[in-house]
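Mind having a look at this structure? Questions to follow.
Every chain is named by a letter (A, B, C, D, E and F) in the order it is written, and numbering of its residues begins at 1.
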């Protein structure tokens, strides 16, 4: 089984621990980005994963490629060119203080790559799944066009296509998002969203949901999934359900809706080490479950367990094996020493 | 609006993370001290803040000045002389293990500065507020005298004067504290205290309060505030209410008493990154609120939100903007990623 | 009062913070091992402690000796020879992700030391107590034999002998453990076990106990202690009761059973910094209490308080004084700053 | 005495020690840039220094401002706006391996600031000196225009104007440089250049000089200075003379040419800690000397001593006092412990 | 072009900077080993490189595989099994203090791998070159046998075979080495040795050479190469010539002898960052030169330049591109900043 | 053989690498002080070493004791009391920038210990040698008196007494030093001095010596030694000869004068890692040589080799074995890897 993802991989610059930006003159420097995170997760699960992007032909771009290669992600169709690696600055929140992200990703190699720069047909040959997120088309008109080319090519090649809506207000407005994403949805089979996305992108809202207050309503989410399915004909809709008690404590669960039925996962009270990439690791879990033919409940339990564990891992990438996710999904959340 | 504070700024030497003293041969080396912390907090809130102290004319003293200047605190009336920068060693507690402070602040420049060394009149010109804590007069007979000179000069210049009682048993006895602090109280308009101070300094106790056990009683605190007000004629009394569940988990709130009425803030369950300076950041919040003419409730909510956030910040200084404190006071404690 | 322990001290290689193995190219490198941990704990409590082991005659072995010496543990009867210092790799768990231990301790100096290599008679001269764990005889046939020689010599010299069963499935099977441990039990006065040991080693189980789920049953443990006492004639049986809510949150308590009576300690909800060595610090607490003639309840309260505090300390060694343990046992768990 | 500089301050991201880019996932994150470095140097020498630039209104921009303020540099006329803080990645060379710089400074706030964005007239009021480098006009057409506006305004306000040619081949071609710089030179009184600049920018070459081979010829440099003086009517020309033996070992000296005479400084064999900013610290030394009315020889000796010491300091900024530079210029290069 | 190497990759545990072993409780943890180093070097030069070894099926073994994969080395024929990853502890020397290596590599997966465990025939299919060192057969009788199988298979498959004698006195005696290595030499085309190896392994000595004193004699080395060639029929003999002035300062050069002629390289005075792996990077340079058909002088200049640069790189691996080595070989040793 | 030393052990706070004071908010925190350094050195050489001092009864004092104990130094006669551990801040120099020491050692436990606080008679029982430095009597009138008591007691107990003059201008004037030291010299058998001490303390100068310029004259030093011997009747005078080329490069050698003859050691060009404690490690070498009955030349060669190696070790303590010093004295200064 092989999955391909397309999007941006950024240099992530984060102060150590819970320091504020530049409280000390040092940044943790790792790499991350929605679709890259999914590719790495899938590779850890044992899926053949390929990541397509554009990176400049300098040492920072090369380091991004090497990092992906380390996890076994295929990188041979990454286009080298353009001017810069996109950056995001991340300050980890703590207790009542929220995490903070500053984007410095404009003019990156992928954002400026001309439509048609990528050989998707080749990448999709022999592949089963294509995944992208709503961040990629938000980067520039060029990436929107390239994403469309990718989605079309994937459909033509017979792949299952998934999209994580992933709305980012710093990248585009709801209006822009809606216009672009609507066009893309026709190629999408599996739609993933968190508690805000469907609302912000398509104006589809779960009744009785107060996102900031962290209250979630099951029926509301089923309704959202139904509406999405009716509007775009999705095969499945997956929704992550995050209750944010504080920057340290969240309750994490999800719903998978398909064939008119919703499966809700167990809820995990997570004490957070690093929550960035949580949604991406969930997407990877859904893809893994569906690729392996897991049923609805088993798929959502696997995906939530895998992404629950992501919250205990530093960095965007989910350094978790399928066996570890299965062990947790199977009920062992005690965190006892394995020795 | 301008506020002036007077006191000691120390070198703070703390092991990394939760290590015990010298478990590894390394100290985090930052600066802090009650009144310096208040000045930095106020500067972060956008108030013109000046800090008056004495520091030796060496590189360690210079580093303290530069650190203050970085935050925009005015340092031009800091007297350079004397022999040493005071030090406090801090070991962070964890779970049931308490934090530990070792003072090595005797013979510091400020503790040995002769009465009259500071040009308070100049510092207070154009200023609105003067703040000091009970730590400064505890340092030595000289600083007690200098604090008295400052308080008098502030009153004469028409400033509002606030004092955080801040009793420290390692610096003086209750008897010494009472004798010195009583004299100072006549110049004080706003008195801040934590759950032990009023008792230890003036023998005024909240009935039914068991400090070690962490139980707090609202009526008791109102009574304490009343007694303080009656005895010293304060315009306002602010009390921080800390329930210590463990070194990691506290519940934080406060009361502001004025004009015969008490306003109690929301309670925040904080998972602590660094609690040193929590009281100081609360003082800064009270000063900010009163300088801006906030009402009683808004003032205490702002001050508690600001100091709640302090618990998520490494170091003595509260690196929080007024906007961030207001956002929390406004109800968003979910700690969600801002991106 | 003097206590002697015999066993392996290993180099402990652990990533920083909550990183996974080699996520960054760096290991915290400290030393630890069941019996060494007990010796260090006892030395911190003011007991004359000696540790007997074998270490290679190279700089790594020397560093282990120096580390013990630093804590005041007597090291003069450590045999220098053999090929290597045993290693254990430790990855700290977080939230639902379990901690992970990889042993690389085969062929270590102690595991390959010939029977009779150690002068136990000399070590026991003037001593009151001998302690070992079930890990040492599990290392190799040679160490099993050496442990037997030690236990016999201790009994002959009139020492009280304690053993922490400490079953490790990566070192031997239950069958092997049972066969070897049974022989040793005849010399043992005080037996310590955690929730799994009695079951895994001797097939003695607490009814109604679900270890993974973290549920514990008081009567079941009393029954286990009774069975152990009846079978081996122990003077006392101590059992640690750990409820594992997650890798971060445990509830910690213990039972001490002697003269047909069980004393249960207070329960402490611990937010974990480092739980490795928790059981060893409990053993040291029991030994300290019994050496000092504390009664059953006082002993178990001291031991649990000391080991509760261990969970807040980085590394295997419990850097806690008897006074600190007594303060917690006495009721102050508020974690308030001591200054 | 007051000096003003105008240019870009960048975030400098450098691996620790002699690691290659991203060999470990960590960057030292400091700030630097030609004109900012000069401003900081001058402030350390006791000169009233102001730095004018544009920085985005986010936490990274704010950190740059705070860093400057820490050194006492005036920052009140820094324009806040635009999209990003420019970045340069720096990999320190070692032995035969050269240092490497990757620029990611396009689209920075200063590069995109419209002509006329800066209130130079106000900045120059009461000032004595204006300094810029050839890097600033190379950033964009807009900064070229802004630099021209600054130079004119400085001349009009009666300031002495200095320019460090600082040719950067990654920013523009020799042709572009020549065209733009020629226009600016009419406002310049003091020109600073290293061994390549005059050649690359104006085609003026020191005969017999082999830059890569590190051989320098005194007469050649005098000739270059003469040619520059004749062509642009400079009051003084200063040239740094760097013999690069390896990335670790350089021989450092300089020439100051004025009134038809050349003064050559002592030569310092430097073992390099960090050579970035060496030229900037030299400029600051020349400005300091000329502002203080030092004669030609004293000026160049001071400037070379100050910049020699820069090579021993981590980061772009020269954390050296005038007294330290004077002590070295006075002959004490022994590096003996001062205690 | 493809090259295959076979040998051990170890975990390298080194204190930071110039600290002695466990002076601080921390190790840099990277990977290295003669043949792995060569494979990584070749991959950096753009050669298709494959590394064959055995590693245990645990996270430490997996980390070794990932590190190799990061550099683009093919790892698909690495056998997973056995008990442990070999370790070497490295303490960097400084000035007159020598570097120190402690081996803890016994019983490693490769040392205990049965003869015939590796599918060399498959690895050599389509390959041009096979390289091993004298360390591999020294590990155990099994690896000696496996090395012999590899060398034979390589010859049969028509590959060029190179061997770096690399005598290690801690692994075997000269007698053992001679006996085993002699058998292997019949399959070797290119022999690499440092100043001691030929003497220690085959008793072939350069007259007038005093290794400890660091004096080298050109004619002596030619003579050694001649003797080696005559005795074993090598196509080429390469000798690294290291003059050890101190742990910090070496003079580095080499000789390549073939067709009865010797080419000596330039001499580089290196100020050392990390000299481990210097010889391996030289081997990779020789292989690269010969694979590319460089002449004798060009080959030795490339190999010496590449390995000269290795001395400036932390860790065993030579993170240097062919272009960088060529630039140095071409004469630019000035270490000037590339920007 | 047993040696006793008496003096102060301080907390040494130093920035990492070559950073200036508080350039980053972190200090390396180790311990050091002339006589403690000598005791540690001797313990590393295998001599039974005891250190006598006073330290406060807090965790910082305890850490100092533990650090000494780690090296095997006997600490049982250290008096616990007083207020503080003395501190010295150390900034390492680099190239032409000198190292810098700021003392904050006033009011330390030893400086305020009453005369008669120490039981020297007990410490000297069974001992062969007593060593102190000119720093101890310079701390306060009390320590001067205590040092006198120690020297007398040592003489009475038949020990050989050595003193390193170690003049520190920040502690006392030449006049004060001369007055106090003269009294002490009557008990001294072996006097150690560096190039400035004899001059600064007793006005005895080597003709033709220019200390700052780093030029040393052999005959001058012989003359100084003669004068010292004549004036105070020393059995031996040892002089370290340091040529300071820069903060990085020194040439290190020494002279030992006794029985009217001078032995000069080899000269070592050292590239410095940490030079603090260089003189102390030399003293330890002289004591070791004389205790072992080495002849004059062998003694000075051993002492210089040991202290040459000190320059390669981080921290005050010389972590060098006698075997390592002997190997260097024996001629192997090549710094080759030992493996």
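We take it that a contact is a pair of C-beta atoms (placed from the backbone, for glycine too) under 8 Å apart; a residue touches a chain by one contact, two chains touch by 3 or more.
Note that the structure is a prediction, hence the values are computed from the model and not measured.
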Practice item. List every chain that touches both chain C and chain E. Key: A, B, D, F
Point to revise | Minimum number of chain-to-chain touching steps separating chain E from chain F | key: 1
Practice item. For the copies chain B and chain F, give the interface type as same if over half of its residue numbers appear on both sides, and as different if under half do. Key: same
Exercise for review: Would you mind checking which chain's C-alpha centre is most distant from the centre of chain B?
Suggested key: E
Practice item. Determine, using the mean of C-alpha atoms as each chain's centre, which chain is farthest from chain F. Key: A
**Study point:** Centre distance in Å when chain A and chain C are each reduced to the mean of their C-alpha atoms
**Key:** 44
Point to revise | Centre distance in Å when chain B and chain E are each reduced to the mean of their C-alpha atoms | key: 62
Review point. Among the residues of chain B, which ones contact at least 2 other chains?
Key: 17, 20, 25, 100
Check your understanding: Looking at which chains touch, is this a line, ring, star, complete or other?
Key -> complete
Study note, to complete from the structure: In their shared complex, chain F is touched by residues of chain D numbered 17, 268-273, 305, 308-309, 311-315, 319-320, 324, 328, 331-339
Check your understanding: So in the complex, which bits of chain A are touching chain E?
Key -> 66-67, 69-72
Study note, to complete from the structure: In the complex, the residues of chain D that touch chain C are 24-25
**Study point:** Interface residues, chain B side, partner chain C - complex
**Key:** 17-20, 23, 93-101, 103, 168, 170, 212-214, 244-249, 275-276
Review point. Taking the complex as given, what residues does chain A use to touch chain D?
Key: 13, 20-22, 25-30, 58-60, 63, 83-85, 87, 89, 91, 100, 102, 104, 106-107
